[in-house]
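Labels for the chains are A, B and C, by order of writing; each one numbers its residues from 1.
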Amino acid sequence: MPDILDARRTASRGLMLIAAGLAGLAGVYVLALRFTSVERFQGLPQKIFYVHVPAAWCALLAFSLVGIASALYLWLRDPRLDLFAESAASTGLVFSIVMLTTGPLWGKPVWGTWWTWDARLTFTLILFFLFLGYRALRSALADPLERARFSAVVGILGLVLVPFVHLTVYFFRTLHPQPIVLKPSAPSLPWEMLRTLLVSVGVFTVLLIGFVMTRYGVGRMGAGDWGAEEGGTDGS
Amino acid sequence: MAEFFRVALAVLAKDLRVEHRSRTAMVSALSFAVLTLVIFNFARDAAALSREAMAPSVLWITFAFSGVVALNRSFALERENAALDGLLMAPVSRGALFLGKYLANLAFVFAVEAVALPLFIVFFGVDIGGVVGGVILVTVLATAGFVAVGTVFAAMTVRTRLAELMLPLLLLPFLLPPVTWAVQATARLLSGRPASEIAGWVRLLGLYDLVFLTACLLVFPSLMDE
Amino acid sequence: MTGAHSPATSPLLQATSLERRFGATRVLRDISLAVHPGECHLVVGPNGAGKSTLLRLLAGLARPSAGTVTIGGASPGREAGVRRSIGLLSHQSHLYDDLSAAENLTFAARLYGLPDPAGMARGTLAAFGLGERSDEPVRRLSRGLLQRVAIARALIHGPALLLLDEPFTGLDSLATAQVIALLGLELGRGRALVLVSHEVREVWPLATHAHVLIRGGWTITGPVGGTAEEFLARYREGIRG
């Protein structure tokens, strides 16, 4: 019985974090729009920066969690690690979808184009495909042991890939002239902007943790790990 | 150690022999390559886009996707009659089995590329003259990288429904770095840039190969271990 | 659990408290088994009981969630060399349809590092009466012949232990009897067998030990005593209960 209480507690803590995060998100909007000065060269469109950078960061963080949990799973073969990896992957998928859809939605009216091969967007797009592939593979495998093992391999190889994607995406920014002026975070940001950015990153991270915890908790509740349930579902 | 390579070579030889009999992978991959090249030729608006501008991308799209078609067969043949269990029961490390499969896949993909490249030169009127060596080097390096990951993924996707769809989907992100670098390097080779400019990409490709071949060798045994 | 045997002989295969689970679902629980040379352990059970899983654990193809499997003291899953002592035969042939029996066995001989692989392949095929059709693609062979080639492949490296998972699937009664005779010969040569099969009556003369696996656990286990009918009666009782 203790396991289900534990799982429920994890899920409810996760929900509290999500609530806090959403409140924080509202705060970030206010902060970015009212209390942060407008960037001189780019103007208002630059403000998307405060949402896009943290979102990209969280997608990457989520994927790192997937990779680490995957590696640990292959070593320890604890099904909870598989559940954790899946939770992080689902959350990361959602974050990357949000990021990829808000980008064009903002971009079209402001810059006149749906898509820009901006480094962050492109990087997140590739992460999106990694999350999607991970998810698709899981749905295509029925046996839970096989599903855990195979998706762990994708998670690990995906994490190994990330630095190479970074090299590819950021490398090309120096080759192609950028018609759109969404610059990556310059090393010298005015304090005001840096503050807003950091707050935003913090809020997004809280949201990320909240979602992962909730999904993990709910997953554990459904896993039925309490009581000795005998009998095979497969085998023979 | 000798055992390791001996078994890998035995697996390679067996794969080559089976393919020689059934010709499943080569026919489909080659048809795909030819089809792709032909379509690109007709799809181009000659006024808008020069052959030279398109050429490297076309070449690599052809290589990458016909490569994936060839990779599909890799573990499909082990699935029939549960032949894979026969392999796994052998008193050798899983790494040796991976190496054998990897080398076989490399052989098939190289074979497809060896046919596609001359066709490409003919269709696109590309002057490959003094840079043949460079183009081959870049091709070999990029291919070695994505075939390693492709071999691991082929082992997994063969167990899924829609395996032929799942493999390209999973492999896509892993194709991006080597293929984009290869395109960049090939473009510069074809426009006659000095070797020093190409060296950076060659190094990156080599790094990718090294990292992923190692990662795949390490991960494959866990994959096979139920 | 496995009854009287001279304590001086250490078992060829020792499985101790094997468990296989994922989360809460347990496919196998507390399975122990000791197999000595010359013994034939029959494993029987309804579908879904975990028999194939058990065999895969014994072969080292799957790793147990708990417990150990050792062959000659080492784990077949972790130590590759130990698998040399095992021959696997299932209802699948593990053969490549496009290659001939000779090519298939030569490949197997290479995998096992045997000297003169081609020669060994031919010799083994001849010993199993398969000399004539050994150069045709295996897809052309009848099920009965195919299974014989599969047996030849399983035995080519002279394993001390044979693991068999429903080897009679798809065979007619004549072919089944032939395979049983072959297995009897191998037992006589001192090999050990773990045989999963529902052909209890046909296999009974070979069996030295019989085990019943129901929903992942042993309900009957031990040396054979009595007739096949008596055993089947106890088996059916075990399922009902």
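The rule is short, and it goes like this: a contact is a pair of C-beta atoms (placed from the backbone, for glycine too) under 8 Å apart; a residue touches a chain by one contact, two chains touch by 3 or more.
None of these values were measured; they are calculated from a predicted model.
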Original post:
What chains do chain B and chain C have as common neighbours?
Top reply: A
Subject >> Remotest chain, chain A as reference, centres from CA atoms >> reply: C
Subject >> Chain occupying the middle, per Cα centroid >> reply: B
**OP:** Return the distance between the CA-based centres of chain B and chain C, expressed in whole Å.
**Re:** 39
Subject >> Centroid spacing, where centroids are CA-atom means, of chain A and chain B in whole angstrom >> reply: 30
**OP:** Find the geometric centre of each of chain A and chain C from their Cα atoms only, then give the gap between the two centres in Å, rounded to an integer.
**Re:** 48
**OP:** Mind pulling the residue numbers of chain B that touch at least two other chains?
**Re:** 225-226
Subject >> Multi-partner residues of chain A (at least 2 other chains) >> reply: 145
Original post:
Which residues does chain C have that touch at least 2 chains other than itself?
Top reply: 63
Subject >> Complex contacts: residues of chain A adjacent to chain C >> reply: 77, 79, 144-145, 148, 223-236
Original post:
Of all residues in chain B, which touch chain A in the complex?
Top reply: 149, 152-153, 156-157, 159-162, 166, 169-170, 172-174, 176-177, 180-181, 204, 208, 211-212, 215-216, 219, 222-223, 225-226
Original post:
Considering the complex alone, what residue numbers of chain B touch chain C?
Top reply: 3, 6-7, 10, 14, 17-18, 21-22, 77, 80-83, 85-93, 225-226
**OP:** State the interface residues of chain A toward chain B in the complex, per the touch definition above.
**Re:** 74, 126, 129-130, 132-133, 136-137, 140-141, 145-146, 149-150, 152-154, 156-158, 160-161, 164-165, 167-168, 172
Subject >> Residue ranges of chain C touching chain B (in the complex, touch as defined) >> reply: 56, 59-63, 77, 80-84, 86, 88, 90, 92-99, 103, 107-108, 110-113, 137, 153
